Amino acid sequence: MDPVIWFFALGIVAGALRSDLKLPPAIYDLLSMLLLLAIGLKGGVELARNPFDGLLVQVILVVAMGLVLPLLIFPAARTLGRLSRANAASVAAHYGSVSVATFAVGISYLGGRSIAYDSQLPLFLVLLEIPAIVVGILLARGLKEKTRWGRLAHEMFLGKSIVLLLGGLVIGWLAGPAGIVPLEPLFFDLFKGVLALFLLEMGLIAATEFRTLRQNALFLLAFGLLAPLPLAAIGALLGWSIGLNPGGTTLLAVLAGSGSYIAAPAAMRIAVPAANPSLPLAMSLGVTFPFNIFVGIPLYLAFAEWLHRL
Amino acid sequence: MDPVIWFFALGIVAGALRSDLKLPPAIYDLLSMLLLLAIGLKGGVELARNPFDGLLVQVILVVAMGLVLPLLIFPAARTLGRLSRANAASVAAHYGSVSVATFAVGISYLGGRSIAYDSQLPLFLVLLEIPAIVVGILLARGLKEKTRWGRLAHEMFLGKSIVLLLGGLVIGWLAGPAGIVPLEPLFFDLFKGVLALFLLEMGLIAATEFRTLRQNALFLLAFGLLAPLPLAAIGALLGWSIGLNPGGTTLLAVLAGSGSYIAAPAAMRIAVPAANPSLPLAMSLGVTFPFNIFVGIPLYLAFAEWLHRL
Amino acid sequence: MDPVIWFFALGIVAGALRSDLKLPPAIYDLLSMLLLLAIGLKGGVELARNPFDGLLVQVILVVAMGLVLPLLIFPAARTLGRLSRANAASVAAHYGSVSVATFAVGISYLGGRSIAYDSQLPLFLVLLEIPAIVVGILLARGLKEKTRWGRLAHEMFLGKSIVLLLGGLVIGWLAGPAGIVPLEPLFFDLFKGVLALFLLEMGLIAATEFRTLRQNALFLLAFGLLAPLPLAAIGALLGWSIGLNPGGTTLLAVLAGSGSYIAAPAAMRIAVPAANPSLPLAMSLGVTFPFNIFVGIPLYLAFAEWLHRL
Amino acid sequence: MAPEQRKLVTIVTESVIEIDLCEALTDLGASGYTVTNARGSGSRGIRNAGWSSNSNIRIEVVCDEPVATRIAEHLREHYYADFAMILFESDVRVLRPDKF
Amino acid sequence: MAPEQRKLVTIVTESVIEIDLCEALTDLGASGYTVTNARGSGSRGIRNAGWSSNSNIRIEVVCDEPVATRIAEHLREHYYADFAMILFESDVRVLRPDKF
Amino acid sequence: MAPEQRKLVTIVTESVIEIDLCEALTDLGASGYTVTNARGSGSRGIRNAGWSSNSNIRIEVVCDEPVATRIAEHLREHYYADFAMILFESDVRVLRPDKF
């Protein structure tokens, strides 16, 4: 098993035992910046190496998936989970959007088995972050005029993760495989180590969030464990049908099957304050994230390889 | 001389001249986490590479040393130093416990001369951290019921250093020499650089602590300089007699001869508030730590090699 | 183009669009410490490798340049810019002193084209930091007794940048090319990556400072763009005439043509409170720094090479 | 210049709304504000600043009575129901009353 | 809802006792507390937050008079003798008195 | 020990003058002070703590009336004209009046 995952487990254990271990917020920020930039740069370099055609169609289909996923999740959360409209919409936004950390573990997993993935995947990561949040807000509020879309667009499009991923993509593309060499020691060689530290902190946070899963606990647990599978299947099928390779198909499944915990919480907190913020966080961080990194990713790879053997 | 030590000297000089140089607390935390994890991981990988028998006996003897050392230090501090019961017990706890930074410098020193050390040493580091603190608290308070041992056990066993060292050990052991490779750039290649920065900050702190050495200054200075020698000798003798190699013997001497400045201060502050916290800190950080890294470690290595030639 | 510069551009764009991207202050401190130490260490190792004669004469001439430059800038700022005495003196101090970040980009630029530079340049960086600040203070206040020179000398000579640059120089010199090897992964291999992150933050800051350029905007813009050229020419001529190689000549031009934004702002704020602190900062960070890294450095190299062909 | 009475309004709330809230304070007539990072506990549980979604800020505003009242009204209307938030007010003397 | 009077108790002390102290505050009847990191100087010397053993915290509790008195008593008994600590109390008006 | 009245002086200003200011406070008779990092906005624009030249500190001093007056005088004379700074004062009760 990929050793970075043990760091997540260490964090969970330390958090569950209420250790005083805690990464300073500034370090959490540094680590997440490094991961976002590294993913972007890597994608950009790959884009420079293998330019490809037909990107536009892929982009449209991927964004469409981002718009559709929350529409599938919302009714399930509303009826099966008996969540309020605001809460169901918030869950839809979180699960329709994507988790950068899960994506990073996916990259690390594929890297460990030397499985290549298509260079446009980091771009898809960027593309999938926002649409589901917009749909989630619309599901919660309808088209009321009161929503300050300008403010929200600013929050979403100029949020840290989009800026760093997109900035990294462009810089990696401009620099190309040769130009990036001097930056490799920090962004590529340290990638796994940085991911390990980041997962340690994620484990500590997940342990805390998990504790807040009290009301509706059974539904939330079930949803957090079962939702990734159909969502990831949709992602894998889309990836396979737009011609991604097995690695790329796996990563699109990872994106579809993971829940956001950076962009979505911030945006939903501002746009739909009535939604309970810890509910989707507890699910996505406390249940789905561990499920995905321990069980989901290998499963999605197996599924992607099976699809490609068809 | 190992260049990392010059960073400590730079810190001392800058601190003594009251430079405004200062590492942000978040960076201090990051550096110490990296060191603790690196030491643990390194030990775990070595354990996976060379499993060994007879660990149980060694463990028992090392813990016994941790219980005995403070009992030797306490009367010396009480009589020679005329310290109050609380203060003497606190000094006993600090010097009976161990200093991770000194251990790291020891590793770095051995590494610079390509001297191997037994893989169980990081485990001994973990084992030696706590017993002396427990004895110190008992020396100060007796068996009064009022001591909240549950709270204290939590503080000690789930403190940052134990969790990271032990967690690193387990992860390194699980990952093994092959699995650890992707983590090496962060945790092993950067080790010396991280240690250098950490020692810079230690120098700054030591310069400040040193200034608080006013009352009892002569005794404290003498104790801080002389105590390491007999303590380290005990450690070296134990290491030699339980069959450690010269490198391992040196590191056990380093552990015995060094004073804690992370776990012990925190635990003693809570359990024995009447003890003056800056007294043992000034001694262990301001006197013993520099003594050990400049003079002690080479001496302990010479002694260990002499023992092994017997 | 050197890819690290794109990070600055990314910061500018993100800042101009008011993204919430922001490096925590602790990380800014860490990055600047790493850069300062790396520059110092690199210089020290080079000094150990190629000791040279005639340093004293060079040192005197370089310090003299540091004293003369502000005397040239002050009347220009006073007459052309119609700045108050305090403000003109402050601009003189900033532009007479030097920018570590521009120097780091210069090193990175030369490194990318494998152009060597003389080993004493980091020392010149240290030497040039302070004289212009002293002259600037004298220009603003005359020789009034009220200036607390002791306090100021402490602030300047024991400020972070001098301590780390000088400390790094000495340690690098003591360690030498062989001793420095274990520190290379952190300080040398990561140099460009660290510089990239630092420039990202500089871009964010520059975007903010640029916004404060309102009054006198035209003069400030013109000065920030045009001042570097004659100043750098003076630096290049001095470098060439004291026998520096083309790389060294370029870097001395960079030092002369760049404006301080660490040491000078802090010292001037304390010594000449009446000077508006954001005015020289907006110029040096918002105008001159981008000018230098995008346009100036290549120009100075061309000029230096032309001089050496004479 | 004699010191003069003003109100000090202190707000402790979720850091996610810092930008919006500070904009609102200026719009409501505050001449300035001071923000520090904080952690804490209250009716909405422990907020221990481990990461951004879970950290607090503490905002202070020195202002005159009408502005203080407007701030309290605004917060009650827009934030009290849905956000972890407390607000308290006290009397202070300021040195340059024209500033506030 | 008219504003109502409460006490604001502010404590500045060593950060090493944060966990214990916050537990005690809750036990003594405080409905919440707010903590910020601090540095400072006092009768026990300069505490400049360079590293954890040497850093301060600043705790605020909004509460009613009896709780404020109990907090002061508790601190006097358990911490005053041995820890760097100051405590002061002032009057504040709160908006949702039921919360405190 | 009955609680006794003191003044709480709060200063928000540029962090670049922390060392000088804290020295001055001690010289003016303050028995101590507490500093926290801050950001904010006021008549001199937004100071958002992105980097050191642009960050604020918030200083609190508990002292008696004469010291409070001296502090206000000193700041007015030496800093008010040229530095981003506000100062306000309130009444507090302290537990160990001999300390302040």
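In this document, chain identifiers A, B, C, D, E and F correspond to the written order of the chains, with residue numbering beginning at 1 in each.
We adopt the following convention: a contact is a pair of C-beta atoms (placed from the backbone, for glycine too) under 8 Å apart; a residue touches a chain by one contact, two chains touch by 3 or more.
Note that this is a predicted model, so its numbers are computed, not measured.
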Common touching chains of subunit E and subunit D: F
Remotest chain, subunit A as reference, centres from CA atoms: F
Centroid-based (C-alpha) most distant chain relative to subunit B: D
Interface composition of copies subunit E and subunit F: same or different, split at half: different
Subunit E and subunit F: spacing of chain centres that average the CA atoms, whole Å: 19
Chain centre separation in whole Å, for subunit F relative to subunit A (CA means): 45
For subunit A paired with subunit B, centre-to-centre distance based on mean C-alpha positions, whole Å: 41
Residue numbers of subunit C (touch at least two other chains): 20, 23-27, 30, 185, 190
In subunit D, residues with contacts to at least two other chains: 36-37, 90-91
Interchain pairs in contact, sorted by label: A-B, A-C, A-D, B-C, B-E, C-F, D-E, D-F, E-F
Subunit B - residues contacting subunit A, complex: 24-27, 29-30, 33, 37, 154-155, 158-160, 163-164, 167, 170-171, 174-175, 179-180, 182-183, 185-187, 190
Subunit A-touching residues of subunit C, taken from the complex the two chains share: 3-4, 6-7, 10, 13-14, 17-21, 23-27, 30, 108, 111-112, 185, 189-190, 192-194, 196-197
Contacting residues of subunit D [partner subunit F, same complex]: 3, 6, 8, 22, 26, 31-37, 62, 90-96, 99
List of subunit F residues in touch with subunit C within their complex: 14, 16-17, 20, 45, 49-55, 79, 81-83
Interfacial residue positions of subunit A with respect to subunit D in the complex: 22-23, 25, 28, 151, 201, 204-205, 208, 212, 261, 265-266, 269-270, 273-274, 277, 281
